[in-house]
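Alright, structures below, take your time with them.
One chain, subunit A, appears in both complexes that follow, with subunit B as partner in the first and subunit C in the second.
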Partner chain A sequence: MKEVKISVIGILSAVIFVLMFYLPTSALDSSGTITITMTGSKEISISLEPTNWNLEADGDGTVSPNTEYTTGAQWCTLTVGGNCDVKTYIAGEDAVGTDEPAYKWILSTDGSNNVGVYASWFEVDDVEHGDQRCTLIPEATEESPGENLWPYSGGSNLSPSDIRHFGLKLLTPQPDFTDGGTGYFLNGGVGVQTTVTISAVAA
Partner chain B sequence: MKLGIVGVLLSGIVALAFASLVMAQGDSEEITITANTESVIGITLSQANLDLGNVASNTEYLSEPPAEWCTITNTGNTSVDLKIKGEDAKHIDSYYRWNLSDDETNGEDEYVLWYHIAGDDVGSYTLITEGEITMQRIKDGSQSALSLQSHDDHVQFGLKLLTPTHFHAGRPMEANITISAVAN
Partner chain C sequence: MLEKRSSLICLVAVLIAGAVLWPSPAQAHGFTISPAEINIDNLTPGQEAEFELTIRNDDDVTHRFTFAAYHSEQKDRREGRAEFPDDDWISFSPQRPEIPPNSSSTVKVQVAIPPDSKWANKDWEIWLGVTPESSSLLAVKLYVRLLVSTGGSVYANPRTNLPIWAIVITLVILILSFYYFRRRKRQEKRSQS
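For the complex of A and B:
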């Protein structure tokens, strides 16, 4: 009887032993995941075409005192690139003699010209947006990047791929002297150059 | 009645089995035990997140370090090949997404992902697509399947991401890369 008990225990042990081989082990992860996070930055971009205005309205490559010159309101095309809405500003500066830096035309602050003082404006004639104006171009300051280019009711923000047209107008300084009823600048044959800057900031 | 007969027969079989064991004292029998260990497939990744922060358009970003950024370890007990797949990057608050390129070129709202295995040829990157592919080693210009042979075998890799040429700004994007192990 004792041998039978031992045998029974032996058989049970064998069964348990065999079962142990088939006990499932803990499941493991056979895959893993990596999560990439990122945020697209704001990118501001505008382009202008053309970027040069060579005043040769008198036909001889010269300009006369106290005379208005204009490009026409559709002259320049501004295209907004980047990926965010922008506010655009325009600012001018004093005109400087290209070969004589000491020779300057001061940019007018009120639209009136004077001896050695000139004025410039930007013109818009946008039927689609009901926008028609001629606005004085100021000088940029630390407080202001210039005049807001499109402050009309449609909003002063331009969006990527927006296109706007504008022109420039310039009033030359009063003559330095007059001879025979005709005004002249004191320095003849001097090249004068100035830059109009259009800037954009994220809206 | 039938149950009774069956019960009697079973009792008889059990009794005979015990009896044969008891009577076989002068004999010997061998029991052959055969067993197969269970194959377990398992891997772990040392990294779960790659936060690139603010990204510029049309710009490449590398994990840091570029080749040893993440370690894949075989936690199972069998040799495995590794599969990898990516997915479109999704804005967490809308349906906006960046499609995952399948030809190594980016575009508007389309980005590109690659991986590089540590120790592989310098600058060798393999494209990650939405379709699952077997991860490859690139050594001396030739490719071979990347496998982890045994428990604790491991390999390191890095990621490279090329942002879209154009995208909407200020939208947090999220994309998952899944790496799986399959027995080879």
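For the complex of A and C:
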């Protein structure tokens, strides 16, 4: 009888030991109320037009080494939709060969080009808002959505139905090789592809 | 008169054929996300919060959208908000929804904070980025601000988070009780014989 008591006490103490952890945490479960607030019915939206740039330098969309191309500062129209003010950013990335991903043009960080290094800028010429800029487009990182597109220094955030214009400028890399005084890219005749990302967040 | 009519028919036919064969220039590339900002208060470490984002494809073609969490710079965050520690604590379902033109869809977002007291009483901010998969030169990405504030206590689910050492001690108590019981039984048998 005594042995049975001892084993019962042992089992009970094990159960109590487990409950010591269970009970306080169960109490916490009923105490906290999570509040999720969706700030009004705020919607965020921007649209761009156009979204593609057909380089017409040689009439067929090809580009030459070490050459500047520009769309003009009024090329792209950015329209703010939604119903909240926004901050906008612009960022670029490396250009990659469409048929050969190993072939890359690295995005310049200082505006200079080199073999396999290209640079791009965004241009703004907005007399109405006193905004004239030609700013190097940085690469997007995990920590940064890029360079401020609007507001610029001293400018204000964009509001719903605001319309702004901007353009792009491209400086192609220096030639991969030269033959008879003419520079060429290694992937001549094959395309490279890149994306310039315009992002927005509620101001 | 008959000649004029047939020329007109030819002209209309050419215009219709032109409209079909040469589509209109690319339309504005746009979509909308709501809400633009979400505030979660008093989320106890160890618990989960869930909410929905609505995305509307304002474009004329179907797009597949990608959702991901992004850490923002201090200068871009709301005042008093620190960087969210780990974007693995946020999940999207579905993460890459396909949305037809001029249609809407919802994505469930789950935020789960690990049960650790070091995550109590914190104010964080992280951005939820949405972008359509596209081969265009210009791409649009929209961010939703997610503000998370944690409560002061810690919720630990006992079924999944019971410490290993507590399990070991419980097992040791049970084994010792069993051993003691067997030993007493043997002693009792010996004394009887």
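Note that the second predicted complex is superposed on the first by the 157 of 203 C-alpha atoms of A that agree within 3 Å, B and C clash if a C-alpha of one lies under 4 Å from a C-alpha of the other, contacts with A are read in each partner's own complex, and residues count from 1 in each chain.
Assume contacts are C-beta pairs under 8 Å (C-beta built on N, C-alpha and C of every residue); 3 or more make two chains touch, one makes a residue touch a chain.
All values reported here derive from a predicted model rather than from experimental measurement.
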Touching partner for A:Thr35 - first (subunit B), second (subunit C), both, neither: both
First, second, both or neither for A:Val127, with subunit B first and subunit C second: neither
Touching partner for A:Ile163 - first (subunit B), second (subunit C), both, neither: neither
Which of subunit B and subunit C A:Trp53 touches, first, second, both or neither: second
Which superposed partner A:Cys84 touches (first subunit B, second subunit C, both, neither): both
Touching partner for A:Ala102 - first (subunit B), second (subunit C), both, neither: neither
Overlap of subunit C and subunit B interfaces on subunit A (superposed complexes): 3-4, 7, 14, 17-18, 21, 25, 28-29, 31-43, 84
Complex contact set, residues of subunit A against subunit B: 3-4, 7-8, 14, 17-18, 21, 24-25, 27-43, 83-84
Parts of subunit A lying in touch with subunit C, wherever the complex brings them together: 2-4, 6-7, 9-11, 13-14, 17-18, 21-22, 25-26, 28-29, 31-53, 76, 79, 81-82, 84, 87, 142-145, 193-202
Of all residues in subunit C, those that touch subunit A in their complex: 25-44, 47, 49, 51, 58, 70-73, 76, 127, 129, 131, 134-145, 151, 153-158, 162-163, 166, 169-170, 173-174, 176-178, 180-181, 184-185, 188
Footprint of subunit A on subunit B - complex, ascending: 18, 21-22, 31, 33, 35-36, 38, 40-45, 47-57, 61, 70, 72, 75-76, 80, 89, 159, 161, 163-164, 166-182
